[in-house]
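Below, each structure is written out as structure tokens.
The same chain A turns up in both complexes below, where it pairs with chain B and then with chain C.
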Partner chain A sequence: MDQELKVHSDVICTFCGCLCDDIEVEVVDNRISKVKKACMIGRNKLMHAQSNNPDITIAGKPTSLDAAINEAVNILTNARFPLVYGLSSTTTEAQREMVEIAEILNATIDNPSSYCHGPGLMARQQVGLSSCTLGEVKNRADLVIFWGCNPLESHVRHLTRYSVSAKGMFHPEGRKSRKIVSIDIRPTPTTKSSDWFIQVTPGNTFEIATLLRALVANNPIGKGDDALIAGVAVSKWRELAEMIRGCKYGVIFFGLGVTQCRGRDINVEQLAVLVSEINNHTRFYAMAMRGHGNVAGGNQVMTWQTGFPLAVNFSRGYPRYNPGEFSVIGLLARKEVDAALIVATDPGAHLPADTGDHLKNIPVIYLEPHNNPTTEWATVVIPVAQAGVAASGTYYRMDNVPLRVKKIVDSDHLSDEEVLKRIKERITHAQNY
Partner chain B sequence: MKSQIQLTLKKIPDIPVEAENIKPENMAGKTISEIKAIPILVGKCWEPAGDWFDIGIKESPESDSEKPVIDLFIKGDLTRFKRIGEGMSQGSMRIDGTVGFHAGAKMCGGELIINGNTGDYLGAHMKAGLIVVNGNAGHYIAAAYRGHAKGMAGGTIIIKGNAGQMLGARMRRGLIYVTGDCGDAPGFNMKAGTIIIGGTPGARAGARMVRGTIMLLNKDNLPELLPTFTYNCTYTPSFWGIARGVLSKMGVQSEAGTDLLFKRYSGDTNEGGRGEILISA
Partner chain C sequence: MAGISGLLVTVRTGKQGAEMMRGKMNPEYLDEISTLRINPDDMAEAQMLPGQKVKVSSSFGEVTVTCIASDVPRKLFFLPVGPVANRLVSGSDTDGTGVPAWKGEQVTIEPADQVQ
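Showing the complex of A and B:
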């Protein structure tokens, strides 16, 4: 019997914030059989997208979708301080439903950015950030600084598609016409492929950004050229400042080494002010190396719906924002929430063990396409069609450019958006909203 | 005669409670049943305070001493109670126990005494009044809320234990005294005001400070200052004696004498260099 072969071109890989949109996927009889052009991580994600799917369960026992949704609604409407959490690996359409559910429930809503790039968002609110698109970087950047990130292992095709060896309008020679600098605490594949690797001591991002601000602006400093800042002589930082001032178009890509080391949001705040001040001399931008496929979209949706990108509370019927008070780690560490709706993230694997343990003591509703540590203990598990594979929708790339992800195979399950819509409708009915 | 109101916590809630309505001016002149009906936000539902507190009122004679008569006593583990005394403008309140986030935030008068530890954002955006903590305080004391440029705009906060990170961050005016240690970045981006730290501060004292004064009374184990602070001179600032006297009246006795020498560093040069850090010489 002939097998039906379909070839999908320009498929978007939803693994990381790069959202590579040139992937080719072959589908035979509704099964993904071959993936071309993707990095190893993206290929594995697509090849395994249709396996290891969980059953619909309540307290570990198989049930129907209708019963699972009813149980979810029952748990959420009876909770006195519920948490809606996730958003990072699903479509903006599903994220929009989650925000609406949080509002109807007077719940707290947060996404994983609160423990990855959230500090950068807080800094952006405080001082702004001069940023650009990856297309601009590809076409114009002659100085690229990777600070606290290792894209060769985390965003594998970033260097070839956008930042280092990509051939752009004003850089037809690609790699040869760009200077690449890495600032990191240890050698990595990215630092090895850089022109200049500055190895720094851990936890000193703020001091480095402070010194660079002073050197770029020629402000007085209380240290001599031989003094060490983050383990590197001031004279070396002066060289970097000169390189920054001398470039035509520079960009800093910053990772969790900046946002999650000692100082967090004030690191990014100082870095953002640095970039702003460099623009007194030349064109310069900064961009966060966003991790999960649509974590940037989660911040976009929450911002346009609530006014804030993360850690939003609706207890009083209107949105309030305060990372630390309303972010997932703080809420769970203080054992404040009494039920949780979790979509498109894996708290069992991502959160600190003692923090995540509180989720095991409260009823948790979990929407997820694959078996993972959280499906093992979640109270209600509802499998869903994976976004970008079996469900279409909008994703935001790390530079906040929205892209439409395709549905390339059919699934037995509903999408996140469809399940969330059903939950929302029944909550609305139950609460006579 | 003066009324004293006593609130005793009946049970510790398992979810957060927001109790900005618990402050002296909301209680004064009310009967027990009226106080019981004061709403507090338990999780996402408003509930009467009487569900959570035993309430008593007793009359006491007017005191002739300079110390004001306490208007409101609260007793219990209030760790999950946020916003107690928020916006308080008059009277006095004493809390015997640990208290949660935002205690005394936006306070514009009166006196708040906490005999226990506090959560984050104590006295945030405070405009006037006095807060005394006989215990340790959390992070962002007297700081600005996210997105705001200016935090504490006046008043005094005295912490007799340790304080957390970002002490007095973005403060605009006022006095903060910490007897013990504090976390990173005290006085971050402060616009003006005075922070005095008796113990050891964390790293990055005065980072991005525009103006204002940070005094470090303990010269031992100090972390290195940021490179954007430059040494000026060693001297005894004339205001030190005045500040010491004011603190003494508030019950804070500093071991340092009025002739204590300080090394003066000015910074943050990235922000104009008009702030100062004074380190005990």
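Showing the complex of A and C:
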């Protein structure tokens, strides 16, 4: 019998915040057989999307979906301080369900941005951020600065699709008409492909942004040109300030090298103020290099539902926001949480060991398409249809543009959204909400 | 005793990302997240050879990894993000921000006792 071949075009890769939406996927008899145009990470993600799926289990023993959901509801409704955590690699529709479950349970809800780009979100609440879309960057940017990020290894197609060699409306020549600058503490593939690599000492982002503010504004700085700031001579920083003032449309893409190093949120605050002040001279923007495919969506959903992008606690019946106190890492390190519902993230791999280890001592309900370090010990494991492969929904790109991810194969499992809806309905019933 | 102290910085690598997608239990992924990039002069000072197993210790834990020479600055050691690096940082050390010291944990590196 002939095998049925379907070719899906314009598929979105859901791995990273680039959300490349030009991927071609061939499916033979409901199995993904070929992936074209994606980078190696995206290709591997799609090619392995249908393998290594966990069983539905309670305490490691196979069970039915119904029994697993009942156990999940039992655990969550009996907890005194439950945590709802994850969100970053699923659809906004599923994220919305998670927020509602957190509210019904008077739980705390957080997403991985609280330890990645969360400091940048806190900075935005203080000073705002002049930002743009990746489409604008592609069409207009003649100066691109990568600061504390290495997209050639983390967001591989960012450079070809949006920021460096992409041919845009005002840059039909692509790479030739753009200047690329990298600021980093070590040489990387990205710094090596830049026109200018400024190698700085670690932990000095705030000082650099402060100096650039002064230089861009032509303010005196009380230091000679030979003085070193972050290991680089002031004369070099002056050159960069002039390049910034002289560009027609510039953008800084900043990564975890900015948000996770010494200073954290105040680094981004100073960078955001720098960018807004540059706009006194020319058009200039900044954008966070968001990691997980829909981590930006997690912040969007939490903000429109609770008013805050991360670290929200409902224990008083209304949302309270306090990064540090209600951030997942702090809560787990202090062992405050007594049960957790975790969806679309892998705390067994991502969190510091002493923090993740607390989850091994409390009941954890885990929705996840693949076996990973967390499925090894989670109390209730519910496999789900992977978003963007076997479930459709909305994802937010790193520039906060929402895109619809497709369902290209059928799965035996429900989507995160469907499982969460069932959990929510039974919690509501159990609590007579 | 041979050894060297400095700051551990966790980073993404292309191989770490690509292999992770094939499964976090696969040996290529586990090898990559256990490979430490270190400056050759630091390696010489600590009497370590490329490809040698080394012990990395912080106040929070220790791991054994393979070191390779790289063009990174002196006294900065780079390990891919993942469960291995996560044994060296702590969730209780975030300066109230919720973000651990993934970009600057003080560590000591010394040749592992047994070269495997």
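We take it that the second predicted complex is superposed on the first by the 433 of 433 C-alpha atoms of A that agree within 3 Å, B and C clash if a C-alpha of one lies under 4 Å from a C-alpha of the other, contacts with A are read in each partner's own complex, and residues count from 1 in each chain.
Quick note on the criterion: contacts are C-beta pairs under 8 Å (C-beta built on N, C-alpha and C of every residue); 3 or more make two chains touch, one makes a residue touch a chain.
These numbers come from a predicted model, not from an experiment.
With chain A as the common reference, chain B sits beside chain C without any clash. In the superposed model, A:187 makes contact with chain C only, not with chain B. By the touch criterion stated above, A:136 is placed in contact with neither chain B nor chain C.
In the superposed model, A:93 makes contact with neither chain B nor chain C. Once chain A of one complex is fitted onto chain A of the other, the partner contacts of A:321 are limited to chain B, with no touch recorded for chain C.
When the two complexes are overlaid on their common chain A, residue A:211 makes contact with chain B while staying clear of chain C.
Once the two complexes are overlaid on the shared chain, A:262 sits against chain B and chain C alike. Within the superposed three-chain model, A:349 lies in touch with chain C and out of touch with chain B [touch as defined at top]. Of the two partner chains placed around the shared chain by superposition, chain C is the only one that A:154 touches, whereas chain B remains out of contact. Between chain B and chain C, C touches the greater number of residues of chain A.
Rounded to the nearest 10, the superposed model shows the Cα centres of chain B and chain C diverging by 80 degrees about the centre of chain A. In the superposed model, A:368 lies in contact with neither chain B nor chain C.
Superposition on chain A leaves chain B and chain C with their closest Cα atoms 6 Å from each other.
Of the residues of chain A, those at positions 262, 323-324, 334 touch chain B in one of the two structures and chain C in the other. Contact residues on chain A toward chain B in their complex (touch as defined above): 80-81, 105-107, 122, 125-126, 206-207, 210-211, 213-214, 217, 219-223, 227, 229, 234, 262-263, 266, 269-270, 273, 314-316, 321-325, 334-338. Put simply, chain B touches chain A in their complex at residues 14-16, 18, 41-45, 80, 82, 101, 120-121, 139, 145-147, 184-185, 188, 203-204, 207-208, 225-231, 265, 267-270, 273. For chain A in complex with chain C, the touching residues are 15, 40-41, 44-45, 48, 52, 114-116, 118-119, 150, 152-154, 156, 185-187, 189, 199, 201-203, 256-257, 259-262, 264-265, 311, 323-324, 327-330, 332-334, 346, 348-356, 370-373.
Residues of chain C that touch chain A in their complex: 7, 9, 11-14, 17-25, 60-61, 71-73, 76, 78, 81-83, 86-87, 89-92, 94-100, 102-104.
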